[in-house]
Amino acid sequence: MLLSLVIFLPLLGVIAIALLRGMGPSVVKGIAFVISLLTFVVSIGLYAGFDASIEDFQTDNELLYQKKAWITGLGISYHIGIDGISLWLILLTTFLTPVCILATWNSVEKGLSGFMMSLLALETGMLGVFCSLDLFLFFVFWESMLIPMYFLIGIWGGERRIYATIKFVLYTMAGSALMLVGILALYFQNGNSFDYTTLSGQFDHDSLLFLAFFIAFAIKVPLFPFHTWLPDAHVEAPTVGSVILAGVLLKMGTYGIIRFCLPLFPEAAKLHTPWIVTLAVIGIIYGALVAMVQPDLKKLVAYSSVSHLGFVVLGLFSQNHDAIQGSVLQMVNHGLSTGALFLLVGMIYERRHSRMIVDFGGLAKRMPIFAAIFLIVTLSSIGLPGLNGFVGEFMILLGSFVGGAFSKWYVVFATTGVILAAVYMLWMFQRVMFGKLDKTNEALPDLNSREIAVLVPILVFIVWIGVFPNTFLKPMETSVGKVVEKVQVVPNTPELGHVINHRDTKASLPIRNIENTKLIEEEAQTK
Amino acid sequence: MSLPLEYYLVLSALLFTIGVIGVLIRRNAIIIFMCIELMLNAANLAFVAFSRHLGQAEGQLFVFFVMAVAAAEVAIGLAIIVSVFKHRETINVDEVNSLKG
Amino acid sequence: MNPELIVFIIFGAVSIIGAIAVISFRHPIYSALSLIVTFFSQAGLFVLLGAHFVAAVQVIVYAGAIMVLFLFVIMLLNLGTLSAKGALTGKLKGVAIILGILLAVEGVYIAVRALNKTEVGSAEAADAAAALKDSPIDTYRIGELLFSDYLLPFEVTSLILLAALIGVIVLVKRDKQPEN
Amino acid sequence: MSLGLIIVLLISPLVGFLINGLFGKWLKGNEKLSGTIGALAVFISLICSIIAFVAINIDPAATLEGEDGFVYRWISGGKFSVDIGFHVDALTTVMLLVITGVGFLIHVYSIGYMHGDEGYTRYFAYLNLFVFAMLILVLGNNYLMMFVGWEGVGLCSYLLIGFWYEKQSATDAGKKAFIVNRIGDFGFLLGMFTLFAVFNSLDFTSIFSEAEAKSDVVVFGVNGLVLATMLLFVGAIGKSAQLPLYVWLPDAMEGPTPVSALIHAATMVTAGVYMIARSAVLYNLAGTGTVVAWIGVLTALFAAIIALKQNDIKRILAYSTVSQLGYMFVGVGIGAYASGIFHLVTHAFFKGLMFLTAGSVMHAMANELDIRKMGGLRNKLPITHATFLVGALAIAGAPFLSGFWSKDEILHSAWGNYKIIYIIGLATAFLTAFYMFRLIFVTFYGKSRVEPEVASHIHESPAVMWLPLVILAVPAALIGLLLGIGGHHSWFHHFTENVTGFKGEAPEGSAIPFMIISSIVGILGIAYAWTRYKERAPSDEPVNALQKLVANKFYVDEIYNTFIVQPIKNASHFLLWKLFDVGIIDGIVNGAAALIRVIGGLFRRLQTGVVQAYILSMVIGIVLFLAYYLFFAN
Amino acid sequence: MEINILEQIVIPIIKMLFIVHLLVIGVMVMIWSERRVSGWIQDRLGPNRVGPQGLLQPIADGIKFLFKEDLIPNHVDKPLYVLAPAMLLIPAMIAVAVVPFGDTITIEGLDNPISLQIADINIGILYILAITSLGVYGVVIGAWASNNKYSLLGGLRSSAQMISYELTLGLAIIGVLMLSESLSLRVIAKEQGSYPWNWNFLIHFPAFLAFTTAMFAETNRLPFDLAEAEQELVAGYHTEYSSMKFAIFFMAEYMNMIVGSAVVVTLFLGGWHFFGLETMGGPIWSGVISFAIFFIKTGIFLFVFIWVRWTLPRFRYDQLMNFGWKFLLPVALTSIVVTGTLWVVVTENKLLWIGIGNTVAAFIVVSIVAGMLAMDNNSKAAAQDTSAAPLRGLEAIE
């Protein structure tokens, strides 16, 4: 019930705004903000009620799991639930939405109520995607979320918004069409049921099905070379559109991979891993290199997303527990860091009405608070230890290197992304923040208290994840474990190359790894 | 002694065909519309005939539905014709071709 | 001669003549009136088929409401005959009529020949139907079906009508006058 | 030793950073308070460090290791887990003392040096943050924590080099430093991965205890330990500015001088040396020390050569730092870990001292850096001159001063198995003495070439600045004697050898001949400098190709720029972005759309807009379909 | 199939002839009584010269009409112009076919008792609705064929009005049908029984009022004679008609009144029942008595028609539409809902409760609608106090 509440509370806000929009913009904004904040508060209840020891969906907890027949004739049910993976993406969504609403407080000039309604409707769509355990329901949410995004970019976007939004929609639809075919194929192979939880075993043509799903998700991620919609969409989207796009929408692609591609078609995943990982690594380097030379701040951040998400995909396909866990964490990290970056870009855009790097310089002098926050976020994006980005990236790379289902060379090349990230980010930071202050920029005011209030919560999480990542890693551990178990291609022991001396594996465990030891013992017993 | 089903069906087919021809050769939107009604009616006739032939009430039931839909369709259709006329001063379907590709 | 056949021939002939008149008259008013005639004879055919309820509804709905609307609109727009310049129909009239004849031939063929091959038109079906004829299809039975097995379609129909209602209001609503 | 002490030691600079960073706005009007807070924070750490040092001195077993240092579980995945935890032993305490000791003095010095700067509080915030990060680096009980500090100091270095961010060259230098360091980090990261692949852990304790047992594990087709140590060394190359990644350090002199003293001379750049000393077990097993030593000695020579022709006072010191770091790597590379660390300590003091005196000179000369525009400053800046001289003598290896002891130990150890290294090292020592005294003679002696308007303002620094100089001069001169007397049997060796786990066998033979040779070489260098630069400034124009090559630092920056940086940039811009991304990928996408549009345009003709045309086609379809179905099917 | 000529052919023909003539005579009587009653209400004499009490006046009028020149204007659409009066008259005449104007007469020697009704078809009430709805064609076609602006306007008004009120007409009787569970008028009349407190006008009082009002509108009688409002449209749709064609329009209107009254009597006023009087005359005479009772009831109701004509002023067009759509229709719908609900819910004294429920519910609905309209008017008045909005309905459709 609680989960349904979380999903549909924003929709309630949409209705409320629709009814009360005549009462003026402040009421509309107030409703939107309060509702989204309420959603976040309620979604914290999900975390509170979450039992990390359950590897499957929390079927015993009525609050977090619901299954109701919907269209019985077609085997469609309203079936929602969460596990440790979706939990964090849900919280990320519910967290970013109020932040976005607060961030866009004064920047929407026309159609405010429509904007807020789109935003809230989008939230429902996104949450639905992360919660759905019914393929049909998933697809419905997946598609429904396109509509508000289409409006957000198409109405409130920049100059070339129509081109961008159509590109975005068509790209995504192209993928969705494939996915729909995949879903239908699964439906018929699964005894005419769309129920995710009953899907198991070997499917016919699993390689093709895998591709159908994977391409849809790869476009969403976006994996090189399906990424060209992203820079356009980001550049044209309004600030919060970019934030949501980068923060949550892209995660739906990676979420889809970990939810569908890997557990459902392990054999196919194994078969396709080489080229996927190749693309991911190309994406990491390519995204970084192209980001480096972008003259437009938003485009730069957009290409950096391509690079960052390449890491996530790399981790997901490593079929290694640590790396997948790192990938999931990195999804959250990227949502926070890139979201914050877009917010910051939006904030100077509001002041200067330009996103071109050459138009800036020396802002640190006029806007010290902005500069400080920008720096922290930049560093988080670079992956500085102690901030969130590092933990995820490190786990991905370490897991992939140690136990990845592919050559270590991939990891070596991927690791160069760490260097390149520093190059393009710091270069951008230098050109925007440092140097001589331009005359036109002298009057730019520093962040006001509202903007600080928007950013500080994100900073708190950026530092929190960096310093205490276990808060986030623990609840997803068993769920990720289950995915890994399903993949079952690589045994969950690090690949040590040729171990000449045969030794007791327990002895090689880290000293403090008490939990792990227990887990392994339990596993051994169950086997 | 009731008449064979075929009589009614032939009649229905002829009426339907006349409706089709009307739709094709007339240019007045209202008349075209009437022809559509004619076709619907022809279908209704077939329905009722089958209903009696099979001794089932469903045929008549569907006639009922057809009529309801026809009523709705006429209401909307005429409203469209009225507003088209308001804007274009014509209901000649040859001249109303804004949707030309 | 079978009286039923006589009645059938009369009504059938009237309805076909009416139908042809619909597409032949140049003026829409005459077409409309011809159509009413056709509807009436159809109602008669329905009576002949024992479908009294349908016949009554046919008259109420088609003759009583729909055609009045037609007339109303024709008069409201004061439509006369249209000018003869036509882009397409003039050239294709012949084609259309030939097509129509082909269609008619096919329809008749279905009615006369093809139907027998189907389940519905088979002799067995007729025999089975004969058994059911003891209970005539009266209004009571229709009502019963309508509110039991076909309740959902029935309600959907009402929704369609509601939608039509709203649609019409929106379509013909006059735009608000600018206030000043 | 209690964990609490370490936490206080660690947290204190962090608190200073937070106060100065978050409340900088309110502290801005009050420089004294801001500076005092910064210095006090480090002073508390210094006290704690001394306590820790003394405790270990009293009881060598009083270390903080393994479980005792555990604070909390940081990251845990399926297989991988790492803790926040501390490891304190003799090596750590030595490092702690250097960091907090030199750090504290530099903080005090900065109070005066940075007087009146706009970013005063920001400066102290960064400095405190640096100390915090450096402390993490040396305190961590696993490689990942070390890496945290490693990156943290890199960040602070970046921030402090680019401290005067309105200056393009400063921000460029900061960025360069960070990025070059990142290249090193790339190696460090892969090194950690390899370590984890071998040991399933990043914990010092467990890695070192199992190192021997797992010395034959193969990763990536290579012996795991060899691979790991080499990759880690790549990290050290970056951080400690060795060949070929040394290029950032000379540029880093764009930062405030105390920063150069603290970060780019005394502490941060020595992190690589510390790391190798910490991983002594692995390096011994892997036998990769030779590579370290060779890189070190080549760097030492190379940097010393470049220093010969430099005219910027800070750059000369910077190249000298690179060179001395090379010495340290030689030390740890050949297995003389204690000697390496010993040199690290002495170098921290005398190089710190020299940077601070250079700062004092700049302070007096209105930020003039070019030594050709100085000369004869000895009289005007007596204290500065005296302290600088102490530092220079120490580095040149003048007998019984610090550098003499530590450098000599390294050379002595090298003689055994690495005679070529010994010879190169000796040559470097000669060059070191030469360029250092070239600097002194040109700057402090001879005629004044100071520009007239500057000349009138030349004055000795305030007490808050010269006092640290004097204080620092004492250990810079004497610490070598204190710690190093007795050579390989000195107290310091015993102290640190417990940690490195390597009982360095004392090199054959007596140390005294080596000392004498070193001293002679040093004095020769000084003498040669005296002959050449006693009276005259260095000439402006290099006379021959060699000199030109040297003066232009072997064109290394230019080579990097031409062959690496620009091609990547251009390729990214033109090939990847404009051609591939916009041209090819988007071209395909838009081309597909355009194709569909063309096809649609063809079909569009069918849409006449006349309803009846559509109906006609529909009817034709129906007729044909029915005809097929009725007459032809079956 | 055996055909009993007497019973299946002769007697129906007799009944038909009887009723048709009764109708025509009824029309004449109505014309006369209308004028006399009008005179009485207006405190004047009315026609009293031709025959006793002017009783022969209608005949005289008829003769006059017959002998007038059958004028067909040039500009009219001739076929339709001629057809229109007939199209109005015929439905009025054939509608009466299903009205049961009395009980049965049982005559010895016949197999079945003679039913005082031309045809007792099982969808009788639908038949009535169907046929009466056709009356509008006469008006519309006549109006259009006249090719006269006033006529056309009258025709448009009339058609809009009739369509609008037809809904009420149909919906108002649903409650009645629910209770009788039949569409046959005879059954409906029988179901009501002998006593007035069981008659439908009490049980479905609001529906009764709505039906009656709608019936007035359907017959284009005052206060709903917008289609022929003299002051606005000369004579509306029959402006261009004269002589016998005009007379036929006239007849049709009165015939509609008579049929309408008969239907109201049948549906709501107990038909031929009156305190059991209809059963007292034995097999033959009870039929006659029941016919008399029916006749008298219809007459009284016709009197009401005339009475209302001289009591209420004519509606304005928008008032007419508002009244039909906003008051009558809701009342009729309420009646259906309440009747159906109470039929299921109440177990004892159903009729009583349904009667009370209907009345109360209608009252509430009317109050709500009135309140909403008042609020709407207030806000409109506040918005633009100058708009008197005459003929708004027409404007809306032009």
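A, B, C, D and E label the chains in the order they appear, each numbered from 1.
Simple rule for what comes next: a residue touches a chain if its C-beta (ideal position, glycine included) is under 8 Å from a C-beta of that chain, and two chains touch if they have at least 3 such contacts.
Quick caveat: nothing in here was measured; it's all calculated off a predicted structure.
Q: Supply the minimal count of touching-chain steps required to go from chain D to chain E.
A: 2
Q: Please give the intersection of the contact partners of chain B with those of chain C.
A: D
Q: Which chain has its C-alpha centroid farthest away from the centroid of chain D?
A: Following the centroid criterion, the farthest chain would be E.
Q: Please list the single chain whose C-alpha centre lies closest to the global protein C-alpha centre.
A: Answer for the innermost chain: A.
Q: Averaging each chain's C-alpha atoms to get its centre, pick out the one most distant from chain A.
A: E
Q: Mind checking the centre-to-centre distance between chain B and chain E? Centres are C-alpha means, answer in whole Å.
A: It comes to 32 Å between the two C-alpha centres.
Q: How big is the gap, in whole Å, between where the Cα atoms of chain A centre and where those of chain E centre?
A: The answer is 73 Å.
Q: For chain A and chain B, what's the span in angstrom between their mean Cα positions?
A: The computed centroid separation for chain A versus chain B comes out at 54 Å.
Q: Provide the C-alpha centroid distance between chain C and chain E, rounded to the nearest whole angstrom.
A: So the centre of chain C lies 28 Å away from the centre of chain E.
Q: When you check chain A against every other chain, which residues touch at least two of them?
A: Chain A, residues with two or more chain partners: not present.
Q: If you look at chain E, which of its residues touch at least two other chains?
A: none
Q: By residue number and range, which residues of chain D touch two or more other chains?
A: 608, 610, 612, 616, 619
Q: So, with touch as defined above, which chain pairs make the list?
A: So, checking each combination of chains, I get A-D, B-C, B-D, C-D, C-E as the touching pairs.
Q: State the interface residues of chain B toward chain D in the complex, per the touch definition above.
A: 20, 23-24, 27, 32, 93-94, 96-101
Q: Touching residues of chain C toward chain B in the complex: what are they?
A: 2, 4-5, 8, 12, 15-16, 19-20, 22-23, 28, 31-32, 35, 38-39, 42, 45-46, 49-51, 53-54, 57-58, 61-62, 65-66, 69-70, 73-74, 76-77, 79, 82-83, 86-89, 92-93, 96-97, 99-101, 103-104, 107-108, 110-112, 115, 120-121, 125-126, 128-133, 135, 137, 141-142, 145-146, 150, 153-154, 157, 160-161, 163-165, 167-168, 171-172
Q: Which part of chain E faces chain C closely enough to touch in the complex?
A: Those residues of chain E that touch chain C are 77, 80, 121-123, 126-127, 129-131, 133-134, 136-137, 140-141, 143-144, 152, 155-156, 159-160, 162-163, 166, 170, 183, 383-384, 396-398.
Q: Along chain C, where are the residues that touch chain D in the complex?
A: 87-89, 92, 95-96, 99-100, 102-103, 106, 109-110, 114
Q: Under the definition above, what is the set of chain D residues touching chain C in their complex?
A: On the chain D side, the touching residues are 608, 610, 612-613, 616, 619-620, 622-623, 626-627, 630.
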